[in-house]
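Chain nomenclature is as follows: A, B, C and D, assigned in order of appearance, with residue numbering initiated at 1 for each chain independently.
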Amino acid sequence: MIIQLQPGISARDREALMDQVNKVGYKITQVKTQAGEYLIGIGKGEFDIRSIGHLNGIQDIHIVSDDYKLVSKKWKVKPTSIDLGDGVSIKDGDMAVIAGPCSIESEEQIQHTIAHLKSNRINLMRGGVFKPRSSPYSFRGMGMEGLKLWYKHAKAAGIKIVTEVMQVSQIEEMHDYVDVFQVGARNTQNFNLLDELGKIDKAVMIKRGISGTIEELLQSAEYVFSGGNEKLILCERGIRTYEKASRNTLDLNAVPILKTKSHLPVVVDPSHGIGIRDYVAQMALAGVMAGADGVIYEAHEDPDNAYSDGQQTLNFAQSALLADQIRKTFAMRKTFPLL
Amino acid sequence: MIIQLQPGISARDREALMDQVNKVGYKITQVKTQAGEYLIGIGKGEFDIRSIGHLNGIQDIHIVSDDYKLVSKKWKVKPTSIDLGDGVSIKDGDMAVIAGPCSIESEEQIQHTIAHLKSNRINLMRGGVFKPRSSPYSFRGMGMEGLKLWYKHAKAAGIKIVTEVMQVSQIEEMHDYVDVFQVGARNTQNFNLLDELGKIDKAVMIKRGISGTIEELLQSAEYVFSGGNEKLILCERGIRTYEKASRNTLDLNAVPILKTKSHLPVVVDPSHGIGIRDYVAQMALAGVMAGADGVIYEAHEDPDNAYSDGQQTLNFAQSALLADQIRKTFAMRKTFPLL
Amino acid sequence: MIIQLQPGISARDREALMDQVNKVGYKITQVKTQAGEYLIGIGKGEFDIRSIGHLNGIQDIHIVSDDYKLVSKKWKVKPTSIDLGDGVSIKDGDMAVIAGPCSIESEEQIQHTIAHLKSNRINLMRGGVFKPRSSPYSFRGMGMEGLKLWYKHAKAAGIKIVTEVMQVSQIEEMHDYVDVFQVGARNTQNFNLLDELGKIDKAVMIKRGISGTIEELLQSAEYVFSGGNEKLILCERGIRTYEKASRNTLDLNAVPILKTKSHLPVVVDPSHGIGIRDYVAQMALAGVMAGADGVIYEAHEDPDNAYSDGQQTLNFAQSALLADQIRKTFAMRKTFPLL
Amino acid sequence: MIIQLQPGISARDREALMDQVNKVGYKITQVKTQAGEYLIGIGKGEFDIRSIGHLNGIQDIHIVSDDYKLVSKKWKVKPTSIDLGDGVSIKDGDMAVIAGPCSIESEEQIQHTIAHLKSNRINLMRGGVFKPRSSPYSFRGMGMEGLKLWYKHAKAAGIKIVTEVMQVSQIEEMHDYVDVFQVGARNTQNFNLLDELGKIDKAVMIKRGISGTIEELLQSAEYVFSGGNEKLILCERGIRTYEKASRNTLDLNAVPILKTKSHLPVVVDPSHGIGIRDYVAQMALAGVMAGADGVIYEAHEDPDNAYSDGQQTLNFAQSALLADQIRKTFAMRKTFPLL
């Protein structure tokens, strides 16, 4: 059960409420986010919701039987809009385009990428400064130095920064330079990281695990939300299957399912989802038609010489074309009833 | 290696040609289809293609290193068009819409479905008369009686029949009533069935196996083609993965990959691909954007009372809306360069 | 519900019984096997089993809620023993060793293999005469000619023949030469084949599908049983997963699960299960400890020159060693309580 | 390439060596562990190994083409033995039994468990004090308080502690109380955690990822080794597949493959591998026959009332029986040649 508390609820009313929840045999977790205060009750027994609902201090009360509660649409029907400032947002009813290299490589690369984005009205830039690599001997990213360089130019251009955070200790040092913290597919169930991201007031985009279920993605989001941060974005990026003709199997089924189960915006990553440059555009547009609220893809001035992921990265001409096609496809989708 | 023979090649030239292929150490399979004659050479050694290419009677010669040869685009760059007569075809550059119930249930159902299709300019109807069921105690279809009823009404209406054949012995009895024989996902590697379908002059649509690879689907098509039948259509219908929030995982990655590897048309089945009625339309349109040449979906006058698959079947109002959206989405896709 | 009828039940009693089953809203399938007669009732409603149980002509009546009924241990607690004659059987409490080549290649190969088996007290020989191959250009087996040669020598040596049947039309021609018909992993859900195998009085070993579930394997067995043939063996042979370091993922979990759910004997195929010769012995012995009633593995006089599957085939020295280790491991397992 | 340096190599020789490695175009990572010093060279070009091999200060030099180097058996043929003190070790040629509850719950539980282990000659105890849970509302473990209680009793009893570490910040506080740090399946690719575990002088057991490949498990071990810690154990604990009749699919194929590819000891976890109490013993013994150097399983005085994982936990009577059967099975395996 989710009880959304009235702002400024008195200590006495809160106590009476908690007593009553305990009395029906439910364990309480108190949640305080940027947007409000909640009591989450976990239990199994049946009870008459009116026995709680009549008490003082309740703004809203809902029974949510899913294992995830706060991210469920059963409780919050209205879609969550992630406002990043300067008129940039990621939300239902709109189409966010997020592009940029796999890795931040140099100041020049940053500048050229930003110029490309600006000239194509793209205001969200992706890029890695801390890179998870399966081999310890691979390039692991430019680190904070790269992030600060990036921030300098992005800030000036009004471009928002989307980048991966790999561990708890990085959150604080990265905080002021990042607009959207990305949790990578290998960290979707790094619960300590999720806990800590619950304590900050920045947007968090959670990628689905390498072989994570839709349910697990929602539970990972629940960690951050129940930790205190409602600014969440979900990302479908392909799952691991037996099929090896593509890098991953982009599971676009997840898009309408996530949009139905949760009020959070859903973004699709076709670059990792198929892993082959020539097919990224088709899968991006397929993602738009499946109902995504945004697309995140890899773009680089010279993909064949990118430090990482070159085989799935678009060049700037391809990226310009795709951004335009994404917008046209989305514009058409908006005219379709019942989707 | 594929050698396409000139029509009317002399017995002497043919023999000289086969001698030379044997001489470079390749094993020959002779293939004769509706459209031409071929020698398929299988072997490993390197040789100078000119040592064969200068001989008489060759229309075209290609080295194809894939395990599938005749269905490969490396040999036949021009897409294959499946002409079903009466102006109905399934082909690259066009958008086939195939709709109808999971199972043929009654004459009335056939008539109502056909009326629905006609009024929405859909001229391909799907339906099962022989049903593969995991339990021996489930409804197994109306059989030949259903097919004949269906044929009577479809013929009159100018509607083409797409239906599953489950075993060799059915091919002959079904032959005159069927326009497209469908090979189901459980039979994709029923090699005897594929062999026999190679001997007829009707279109065959092969569904990807329950957990079949893209490569295996192409090899199954190779069976039919090398058996003598070039009229082939490939169908992506979702694969089995660990994710249980949907019936299958629709692998739209397969669409651009199949279109690149093969000259055969590719159709997407969103009904089986996601298995949940409310999301069929999104996945159908995603399939169009991924590059499909056609969409096959389940539609029924009263899905909740369908004999099978009701949970993933559209009603006629939803079907009408979707057919229109498929066409609009395809029309837009055709305006996009480089897709 | 399963009703086992008394032998010689009168027509009148049978009718009364069927009336009563229909009256509680259950649909009846009549099953007659080598061992008895059954009525299978399929339905959903609750009813008092005594309202049927008191009628005449019932030997046994059970409620079985699984989708499979006749192969369930809920109905038949006593394990099924498959008696192949000449003192050879496959059954719970015993350890069947089945060895031989992937493909039957020549009379000499047959003779040498039989000599190897005899000298190691192995009385079940595997081998393929009809081979399912993903490519139409691969060797497809020696066919009936090979089977007849094999039969001649096996019969003389008292060795039983285990071989794959790929299609309905082969059953009749193969019938007199085969002791155990094997249904291959690509045909586990070839329902027509299963139906026909239900009509014969020979043992049938069903391999789990390429990516078949345990439940589907049991339902496939249900097809054969409900068709009239109780002589069934289940075989775990590895499933398709994302892991490519082995050919398949041998799912030994399936062994104790199948043994608990069904009264049928369970055999393990380590050759296909791992696909790498050096590890076949370990996986065979692991299968024994997991609770298998038999092991089927590939052995060849000269694996490196076998027509097929050489990479996973043991030579005769390895096979001799393994057969001995299987027996010792099984002998120890029998001394372990509670397994 | 791996160059093992002579102890006490001079600064000048080291420099000459590094110059030469750079000269053949290889990038160097310097590794210093408890046991020695290494230069890892990563590159692609061909070169004559003698051009480096003749230099001073080299103890051993090997070309290793795998992506993992230091954990590869191509370099270090002799199996690694993990000595935990007090005569307890985990190593090839021996059989480690590790048992205990999923979660540490109370001092009483610790004492009873230790008594059970002692009376069955088990000297390694598992248990979680920091629990990764998919839902933020589940019990997350007793934390450091539980670990200290456990340490007090285990130390007194001569029992070694195996427990999961979830994040970097826990390593230091847990360090003195832990004998084997376990990296859980959700953290197998938490590269920061692996990096930090490379800096300590305690054994680390890495579980295979939820859907991790064998290759990825070895690369994760390479992280720890190249960070400076050679005391590594690999653990197969089941992978995620489409099959839902068991919690995971225990991939025993991984055991002989890992033993061949790496010099590190391999342990099997049947509790998570199948997830059903009644089958844990069979799968444990199957793991022994597959070649494991140890078994880790869950045992609890009262499994039905355990805080977590009760459905896959043995009671003490079952645990006693299993420990004995593991030892007998291992004793028999040792008598088998060629395994």
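For the reader, a short list of remarks on this structure follows.
In this section, contacts are C-beta pairs under 8 Å (C-beta built on N, C-alpha and C of every residue); 3 or more make two chains touch, one makes a residue touch a chain.
Being a predicted model, the structure only gives us computed values, none of them experimental.
With centres computed as the average of Cα coordinates, no chain lies farther from chain C than A.
Chain pair with the larger contact count among B-C and A-B is A-B, by C-beta pairs in contact. Between chain A and chain C, the centres computed from C-alpha atoms are 49 Å apart. In this assembly, the C-alpha centroid of chain B lies 33 Å from the C-alpha centroid of chain C. Separating the CA-averaged centres of chain A and chain B is a span of 38 Å.
The multi-chain contact residues of chain D, meaning those touching 2 or more other chains, are 211, 240-242, 244. Against chain D, in their complex, chain A makes its touches with residues 27, 29, 40, 42, 67-68, 132-137, 166-169, 186-187, 189-193, 195, 209-211, 216, 219-220, 222-223, 226-227, 240. Only residues 211, 213-215, 239, 241-246, 249-257, 260, 273-274, 276, 278-279, 281-283, 285-291, 318, 321, 325, 328-329, 332-333, 336-339 of chain B touch chain A when the two sit together in their complex. Touching chain B in their complex are the following residues of chain D: 211, 240-242, 244.
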